[in-house]
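In the two assemblies presented below, chain A is common to both, partnered first by chain B and then by chain C.
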Partner chain A sequence: MSDLVIQILAASMLLATPLLLAAIGELVVEKSGVINLGVEGMMLIGGLAGFIGLYQLQSSTCTMLIGENCFASENSVNQFQYIGSLLVAAIVGAMAAALFGFLTQYFRANHIAAGLGLTVLGAGLSNSLGGNFFGVDYTSAIVASVPPLFPESWGDVPVVGPLLFSQNLLVPFSFVMLAAVWFFLNRTRAGLVVRAVGENHHSAYALGYPVILVRMLTIMFGGAMAGLAGAFIVIAQIAPKWTEGITVGKGWLALALILFSTWRPGRVLLGAYLFGIVLALEPRLKAIFSNMSLELSYFLTALPYIVPVVVLVMISRNPVMIRRNAPASLGQTFEPRS
Partner chain B sequence: MTSLLSLERITKAYPGVLANDAVDFAVERGEIHALLGENGAGKSTLMKVLSGLTKPDSGQIVWKGDETTISSPQGSKALGIGMVHQHFALFDGMSVGENIALGLGGQLDDTRRTRIIEMSEKYGLPLDPDALVFTLSAGEKQRIEIVRALLGEPELLILDEPTSVLTPQEADALFATLRLLRDEGRGLVFISHKLNEVRALCERATILRGGKVVATCVPAEKSAEEIAEMMIGTRPVPTAKGQQNLGDVALEVKDLRTKDVRVPALAVRRGEIMGVAGVAGNGQEALYAYLSGEDLAPQANAIWLNGVEAGRSGPSQRRALGGAFVPEERLGHAAVPDFSLIDNTLLSNLGTDGFQRRGLINWTLTREHATEICDGYDVRHAGVTGRAASLSGGNLQKFIVGRELIKQPEVLVVNQPTWGVDMGSATNIRDQLKALAESGSALLVISQDLDELFDLADRLCVLNHGHLSEAKPTHEWTAETLGVAMTGDVQEQAA
Partner chain C sequence: MIRIVPRTQFGFWATAFPLLLAFSITVVVGFLVMVAMSEQPLSDTWTLLTFPWQARTASVQWGFVLQKSSYLAIMAVGLSIGFRANVWNIGAEGQFAFGSIAAFAAYLLFGMPDTTWFLPVMLLFGILGGIAWALIPAALRVWANTNELLTSLMLVYVAANVLNYVTTGPWKGDPKAGQAESDPIHESLRIASIIERTDFHWGVIISAGAILVLAFVVLFTTFGYSLRVAQNTPRAQKFAGFSPQMTVWMSFALSGATAGLAGAIFLSAETGKLIQSENYLNGLGFTAIVIAFLGRLHPIGIVAAALLISYVNVGATYVQSASQVDDAVADLVQVTALFAVLGTAFLSQYRIVFGKADLSTEGAV
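Moving on, here comes the complex of A and B:
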């Protein structure tokens, strides 16, 4: 029984981590008063960039060691190559976000329009570039799986083995980032300034804080996190594989989680894991109750998308806390008053 | 002994207006110095100079005997000048402590928390550092601003109309704090137009009018009437207007009592222009909203239009009764900035015959009507398809006034008809309003511009703290009586 619980928890980590990564990044962006609806697009671009990075790192190492005839079976990647590909994903995600930042902060474009544009651009661009653009068709490119962070035998340790030692690097990283973001927003001076900019950009500007610079930085942080989330889906969630539109709406789900968790990091974590756990439960329940009706089985498929929203809405109804945490300047274009 | 601060011959011109004309102003240590004046007298400009938001064209700023320049808000703070603004620059969703920390440039730590509590206890400004700003009253919000300014250890503290948002009890508490600060040897500048407060609190007063210093006096030694006269000046007293053919009452308010305005009685007859005077922020917006139907009166029988109870009717119903309304704000209230003039014409004519039939808009007629308004009321524009926001203030004002005038309404309510409009357009608008009254309509004009009211109105009443006084023929008012009515304590008649 406890084995099943641990299995489900371990599986839910794989499912929740990309949501959590993207949502943490976008949470900081929204706390500074910017709403970037381009999360999905940044995840796709970042995810493809990470995949291409890993493929290139792998084949260049392979060619170096073995020579021209380098077969997929001989391929392998190590942690450093993986981290390298993640850096590529984060940088490319941040660059995509910077495009959104320039449009909204310097050219004062509408946040919603620019964000939707970024989503469309991300989907289209990743389709083209992931096709045969660079001379390699990445939809059929084969990349070896990333080995776990710790020796494989550690995975047999009860409880912590499957939950900690067998997990991908980005899983613990998402928890560290969550804690870091909470600490940054609530305990540091820079975090206070970010919140002030999101709360009332005119007052923040009048007190001498650089509104536009602060927002550019948070936007790029959000892009880097979305890039990592995309890379996790492409490289680590199953085996490394690039397909068009591989993120299937996880970016939108991350955006919704922030809204329903009323901009509170702890509740973003709760929402992401509720989603992961219910989604991980689904095939197991279907296996146990193999003769369930078709309607019930459809309902079970929808459940991961219903449960987090319902739970978060139920627990986040306190209007004072909503006013406390919701950035009041969200989505408003800032123009300094002369 | 040198003054703490002395301004010498400060001059600042904006296009078309000399906001400060060789102003001399000095503040000593340990005094509360009042700066008095009407709207537009130059108080705000002088404060902008002191807070580093504006550079004067000429003149000297002398701080503790040394000539200096103030080029930024930070520079002003570093010099030792603290400001408490009329409109709070606070972060509503954050705590009191976080707001103060942001103003001082630091994170809220325990030392700072202790200092906030110490400071607030010492000066009688009770504050809870963990309270959220949006849950606080205006008086408490002001305390945050004051504590924030005091933590910078200013030697000169400037308060811009600090009592305008306070209840009388809160104002008394504030005065106790200000006296304490004065006794510590700080200099205080108290900007106000409430004469009784100034007479009770301030050692000296400098009175500005039209950008010039007209007097410096000890306010306790002068009567409220004398100070009011200095503020408003002696104006040519309007002569009684000739015999008019006044008709019956077309707009009537009977005992309208809401949380923001109290109107015991008001009746405007056909052929008459009623003026409503008052300092900004005394309930003009609310009065306009109740008259136009944007806010509904508590009872239907509080407002009568053409003999019909209209207190509970919305703007469209009131238009159907022969009313027309021009709000103060041109862009965003009277006109949609990004809509064309044609669209904006339609907005106040949706109920007018012919503009729509079975839910479809007659664009040809609307366009012709928009063109007619522009031609008839001298609106200079680049085409009626252009955005409303692309018009200059004066032309847009002529357009929104003309849009109502062209209907020849029986009752017209206008709030600030020429606010921020150039002289030519203002004269044009006033002439049109007079012509409408002569043709037999009833007009109510709310304005802060006394010259305008003296020019237009047959009768005048005064709005002070939301209370509308009895109307008297314009020529029976004098500068003193009007000044006292606008700025004095409200003596509400038992109703």
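Moving on, here comes the complex of A and C:
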């Protein structure tokens, strides 16, 4: 029984990490007064870019290349190649976000429309490039798995083994980033500027802060984090594999997390792991109660999308909480008064 | 020195210039995409632009364009009503699915009648199904202050699961079919083509009629006026006699109704049966959001945008079969158009001035 609990916890860590990464990025974006609904699209583009990066890095150093795929089984992906692919994902995610930033900050486009457009762009572009990018069909490309951060034998240690030692690099990274973002927003001068820009962009502008530059930077940070989240889903969550629309709404779950957290980093962590546990429970409950009714089975499949709705309803019923923490300029287009 | 100054006069060019600019950007970028993706960009672009005349029968290709654009236009007009008032229903895909499910449920409920006279009842149930599904996020917004944008989107995934459930469970048809699907509806309930062997069917006419009704409501009634006011000044809307709650209810009801109608027409005209979600829902509800913005939330603009985008879409499919250019070209053109329209929209409020500031001619800012 305790085995099962640990198994579910380990799985929920894997499922919560991309949500946490994307939500941390979006938290900073929203704190600066911008709402970017393109998280899902940036995750898809970044995820595909990371996968392509990993594939290219791997085949450039492969010792046993058959056709276009690498068949060297011994540690054919090392941590450096993995980090390289993550960098690619982060940079491409940030570039996609910069497109959104230019539209909303310099061309004063509606945040919601531009964000939805970014999601459409991400889905369309990743579908077409994933099927054919410079002659390689990435839907059938094979890449070896990423080894865990610590030696594999450490994973056999009871309890802490599966929970800590067999995790992927990005899992501890997500915790570090969460702490860093909390520290940045609440304890540094630059974080104060970001929050000032988000609360009242006219006052911040009058004080001499470069509102548009600050927002461009936060938007690109959000894009980089969404790119990492996408790369994690594509590369590290199971085995590296690219399929169309692989994120299935995780970007939107990350956006729901921000509302759930009422813009506080600690509750982002709580929410991400709550959703992670729900996502991890679904296949396991189905496996245990294999003779459950069809109704229940489909209800469980839909549960990861029903739970956020229920949670949002519970959170939103207290409008004071949201009003107290929501950045006052959220989603408003900034027009400098001359 | 380039500066952006607010417009003081709003003439014809305030509307036309941004749209023309956006159109030009789309054409240029679209051609660059073609150069990147095709080996003979010039001839392929020509094929894409003139495909109905290149194909064996032009009427078939025009049928595709009209059929696709009718679904997009009807849903986009419905969505634009809410978007005008900052009510964000982005779950039209789910309401579309529920329209289909409700229409099929009506068919079963009334004992599978084999007469064309039953078709209006099916369409009516489709509309009601779409409304019912759309009112969930509306109710959560009004009663629990919940962000309707996220809840309406989450419900798309739930609706897809409901569709999967009914096609694998209670309404499962032929078990030997390669996909989970229901039994087909009677042939008499299938919407007929107006022109033989084309997809130009009576559903297109029904959609066009519904668009006219909605356009009239939006443009010429007090209710439509109050929605347009709500976009910029929510307080002024109260003076017109409508509460913000009412706006949410009506926006969701109307957009749900149009999506449900589209779903019911789709069931009757295209598939004739319910199919598991992956093979039934093809993103029309999401594309409709793009169309609504492309048309600048105006019914005439939306119809024009739906026709143009459908034309490019069908053309890209044709080019793909004719010369192996990935039909993702259409997606890229669509997104380019969207970003171009969004990025130039501010030019209808502002104008670009070259040279030094001259406050005497520009007025106080």
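Heads up, the rule we're going with is that the second predicted complex is superposed on the first by the 308 of 338 C-alpha atoms of A that agree within 3 Å, B and C clash if a C-alpha of one lies under 4 Å from a C-alpha of the other, contacts with A are read in each partner's own complex, and residues count from 1 in each chain.
Operating definition for what follows: a contact is a pair of C-beta atoms (placed from the backbone, for glycine too) under 8 Å apart; a residue touches a chain by one contact, two chains touch by 3 or more.
Please read all numbers here as calculations on a predicted model, not as lab measurements.
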(message) Tell me which partner touches more residues of chain A in the superposed arrangement, chain B or chain C.
(response) C
(message) Just checking: does A:125 make contact with chain B only, chain C only, both, or neither of them? Give me first, second, both or neither.
(response) second
(request) Please work out whether A:196 is in contact with chain B alone, chain C alone, both, or neither, and reply first, second, both or neither. (result) first
(message) Tell me the contact category for A:208 with respect to chain B and chain C: first, second, both or neither.
(response) first
(request) Answer with first, second, both or neither: which of chain B and chain C does A:179 touch in the superposed model? (result) neither
(request) Name, in rising order, each residue of chain B that touches chain A in their complex. (result) 73-74, 89-94, 98, 101-103, 105-108, 132, 134-135
(message) Going by the contact rule set out above, which residues of chain A touch chain B in the complex?
(response) 187-189, 192-193, 195-196, 199-200, 202-204, 206-209, 320, 323-328
(message) Considering only the defined contacts, which chain C positions touch chain A in the complex?
(response) 88, 90, 140, 144-147, 149-151, 153-155, 157-158, 161-162, 164-165, 168-169, 286-287, 289-290, 293, 326, 328, 331-332, 334-335, 338-339, 342-346, 350, 365
(message) List the residues on chain A that touch chain C in their complex, please.
(response) 37, 99, 102-103, 107-110, 112-114, 116-117, 120-121, 124-125, 127-128, 131-132, 248-249, 252, 255-256, 259, 294-295, 298-299, 301-302, 305-306, 308-309, 312-313, 316-317, 319, 322, 337-338
